[in-house]
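Given below, in the form of structure tokens, are the structures.
Shared between the two complexes below is subunit A, which has subunit B as its partner in the first and subunit C in the second.
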Partner chain A sequence: MSVLIDSLLAILIVYLALQCLLAPRLTQTVFLFFAFGLALALAWVRLGAVDVAITEAAIASGFLGVLFLDALRDFSFITSGKQESSDAANHSVSKKKPAFLSLPGVVLVLGLGLFLLITLEAVWKVPESGGLTAATEALLPESGVENPVTAVLLNFRAYDTWLEMGVILLGLLAVMAVGGIKIFPVHRKTPEDPVLQQVILFFTPILFLFGAFLLYFGKNGPGGAFQAAVLWGAIGILLHLGGRPVLTVIPRWLSQLLLIMGIGFFLMLGFLLLAGGASLFEYPPSYAGVLILIIETLAAISIAVTLVSVFVHLNQLNKEESN
Partner chain B sequence: MDVFFTIVIVFLLLNIAVGLIRVWRGPTVADRLLTTQLFGTTGMAILLVLAGYLEDPDFLNVAITFNVLAILLVIGLVKVWKKKKGESP
Partner chain C sequence: METYQIYSITSGVLFVIGMGGVFLSKHFIKKIIATIIMGSGVFLAFVSFAERDALSFADPVPQALVITGIVVAVASAAFALALARRIYQLTGEESFTIEK
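Up next is the complex of A and B:
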């Protein structure tokens, strides 16, 4: 019977993806993308990849959501300085003729067909041994954690995770390079909007607690540094939107330290291990669990601060442009 | 019992499909945003039903993640609106 659910989900995902690309208005595209993210998270759950589902839920519906809304506002400022209608009626993408009639359309269809064939071929013959699952399971006791996903991400393939953190930091650097490093003005006025303040008061501890939960239980079950980081980052974004910009309170050297803390500790640990005769990121099995927890905590803080900085810088940038 | 859970999940999925009409037509951004809130709630319901069906409490973590982050979108939109109306750009 679950075939019915899965096929419905698959149809929904493909339909949403197509609509996302073909929708004539930007607002439609953005909100269809949210629905797409939700359907994708459900699909990951159905596939048994709960870790990925949490990440998808956190990033697609949380972080990307506010970024997209912010971008949407800017587009409406750029394309229509005069009209104040709340709908984005006047930035519809111009369409000349149906895409599937033109040459790029034909190429696209051919490419999609080829891709589908390759996918079908890849799905058709599943490796007998189940890929690397057996190897991971065998080495799990030495990794210091019980969740195979965390073991792979932070022990066996720690290199990848380390570089991923670098990629996120690079994203922030790109935003800073385009917009310039902001010295944030300190608002001394009392924040208005009592409802918003109450919401923030209510949600901040919940977000923090659930983030910490995901971080700590990432070694036994689904969860981990990235998911926790989005939840912690959401606190910063909420506070910023509520008129309490976090980055103005902490001094600049401290925020810089927080930004590079995760990747820096990871790197130093790797070099210390190299100096001790082991290879890069080869933790001694008896300390592996503790080391992974420290790395994950520092990484989560760093990523959270990075995400908040990205949002704050973009938001600040937009404010100045619109004035 | 199997059939019951399947029917519930399929019904909830169809709810999402129907909600897409509002995303497509919705005259204002707020209409569309409320639909995504509906999607979030429906998705959570699906996850909860699945968690009960497959008896896997890990799914609840996904549901809570959806739940606590849904507020971010609403607050983001409220701020966008405010700025669009020119109150405090």
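Up next is the complex of A and C:
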């Protein structure tokens, strides 16, 4: 029975991925991408990785999908129509000389097929090593948390998480560098959309509470800083779309402080531990639980602000073009 | 057939689909989505091996690495999207192909 469910889910994932790339219109591609991410999240639940499933559904499907949807306003429906017609033109040209019979096409398809075989063989033959489950299980009581994934993320391999926050910040800086840092108009006219205003009123407290729950619950079960950060970031994006741009209201030094707070506290803690004679992120076991909770809270706020800034800057890129 | 074996095979197929998409699709957004699908294949391989090595819980180290990886992939995709929109804004091009 479970084999049947898994096979169907696997077929669905492959089908959605194929459709996503083959769909003629960009809108179809983006919405199929949402569906693909959610189906993949189901697959991760089947594999027992609930933390990964929440992250996938929230960041990879939700947040990235929103960014793609926003980009659709640039590459509008008209351009995808143009692309279709140009595709049709290419097709009519290729009737004289079929594209898939040309030498590059044959080589590419053969190469991809060969590559598929090699990949499957490599995946099939990964040696059984037992992994690091036993080591994690033995050290779990010293980590200060009960969820093994959180223990690995914020204690055993805290180095990764710290650098990852740096990568997100770098991503924001790169987006800013592409679009240019802008002085946002503070007095933007509030769009009179009663449904959107009600949605904001209704969802803001719920999203905040649910984020806080995921953050705190991450100690014992699935959840944690990243999942909470996306929910809090969703509040910022909703408010921005509803004509209440949070980041333009608060002073620039405050938003900069919020951006670097997580990575900065992490770094200072690491150096303090180094000065105390321990290694970089080796927390004393008696304080580990409290320290991890503080780090997670600050990191979640920082990541939420970073995600909102990425969205706002990409959104602004669009606005200036239309003016 | 075990659960992890099904998803291992799926991961290989997803990687190749994404790779084909990177080569064959024209539009910027489709190319970016293709790289995300490629990455999803790699993550699926990681997590399926985590499930294979499970004792009382699935191996948490690959899972933590995958969570890190997803967030990094999203950050780089956002950067790629910003570049694509900037290119479109400056030149009006929406793909690398040259129209004849």
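We take it that the second predicted complex is superposed on the first by the 263 of 323 C-alpha atoms of A that agree within 3 Å, B and C clash if a C-alpha of one lies under 4 Å from a C-alpha of the other, contacts with A are read in each partner's own complex, and residues count from 1 in each chain.
Note that a contact is a pair of C-beta atoms (placed from the backbone, for glycine too) under 8 Å apart; a residue touches a chain by one contact, two chains touch by 3 or more.
The structure displayed is predicted, hence computed values, not measured ones.
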Subunit B versus subunit C as contact partner of A:G223, first or second or both or neither: first
Which superposed partner A:G179 touches (first subunit B, second subunit C, both, neither): second
First (subunit B), second (subunit C), both or neither touched by A:F31: first
Partner chain(s) touched by A:V45 [first = subunit B, second = subunit C, both, neither]: first
Which superposed partner A:L112 touches (first subunit B, second subunit C, both, neither): second
Which superposed partner A:W162 touches (first subunit B, second subunit C, both, neither): neither
Contacts of A:V66 with subunit B and subunit C, given as first, second, both or neither: first
Partner chain in contact with A:S2 - subunit B first, subunit C second, else both or neither: both
First, second, both or neither for A:W232, with subunit B first and subunit C second: neither
Doubly contacted subunit A residues - partners subunit C and subunit B: 2, 46, 72, 86
Touching residues (chain side subunit C, partner subunit A) in the complex: 1, 3-4, 6-21, 23-30, 33-34, 36-37, 40, 43-45, 47-68, 70-79, 81-86, 88-89, 94-95, 99
Residues of subunit A touching subunit B in the complex: 1-2, 4-5, 8-9, 12, 16, 19, 23, 27-28, 31-32, 34-35, 38-39, 41-42, 45-46, 50, 53-54, 57-58, 61-62, 65-66, 69-70, 72-73, 76, 84, 86-88, 196, 199, 203, 206-207, 210, 214, 221-223, 227, 230-231, 234, 237-238, 241-242, 319, 322-323
Interface residues, subunit B side, partner subunit A - complex: 2-3, 6, 9-10, 13-14, 16-17, 19-20, 23-24, 27-30, 32-33, 35-36, 39-40, 43, 46-47, 50, 56, 58-59, 61-62, 64-66, 68-73, 75-81, 83-86, 89
Residues on subunit A engaged by subunit C in the complex (per definition of touch): 2-3, 6-7, 10, 13-14, 17-18, 20-21, 26, 29-30, 33, 36, 40, 43-44, 46-49, 51-52, 55-56, 59-60, 63-64, 67-68, 71-72, 74-75, 79-80, 83, 86, 108, 112, 115-116, 119-120, 122-124, 126, 128-134, 136-137, 148-149, 151-153, 156-157, 160-161, 164, 167-168, 170-172, 174-175, 178-179, 226, 310, 313-314, 317-318, 321
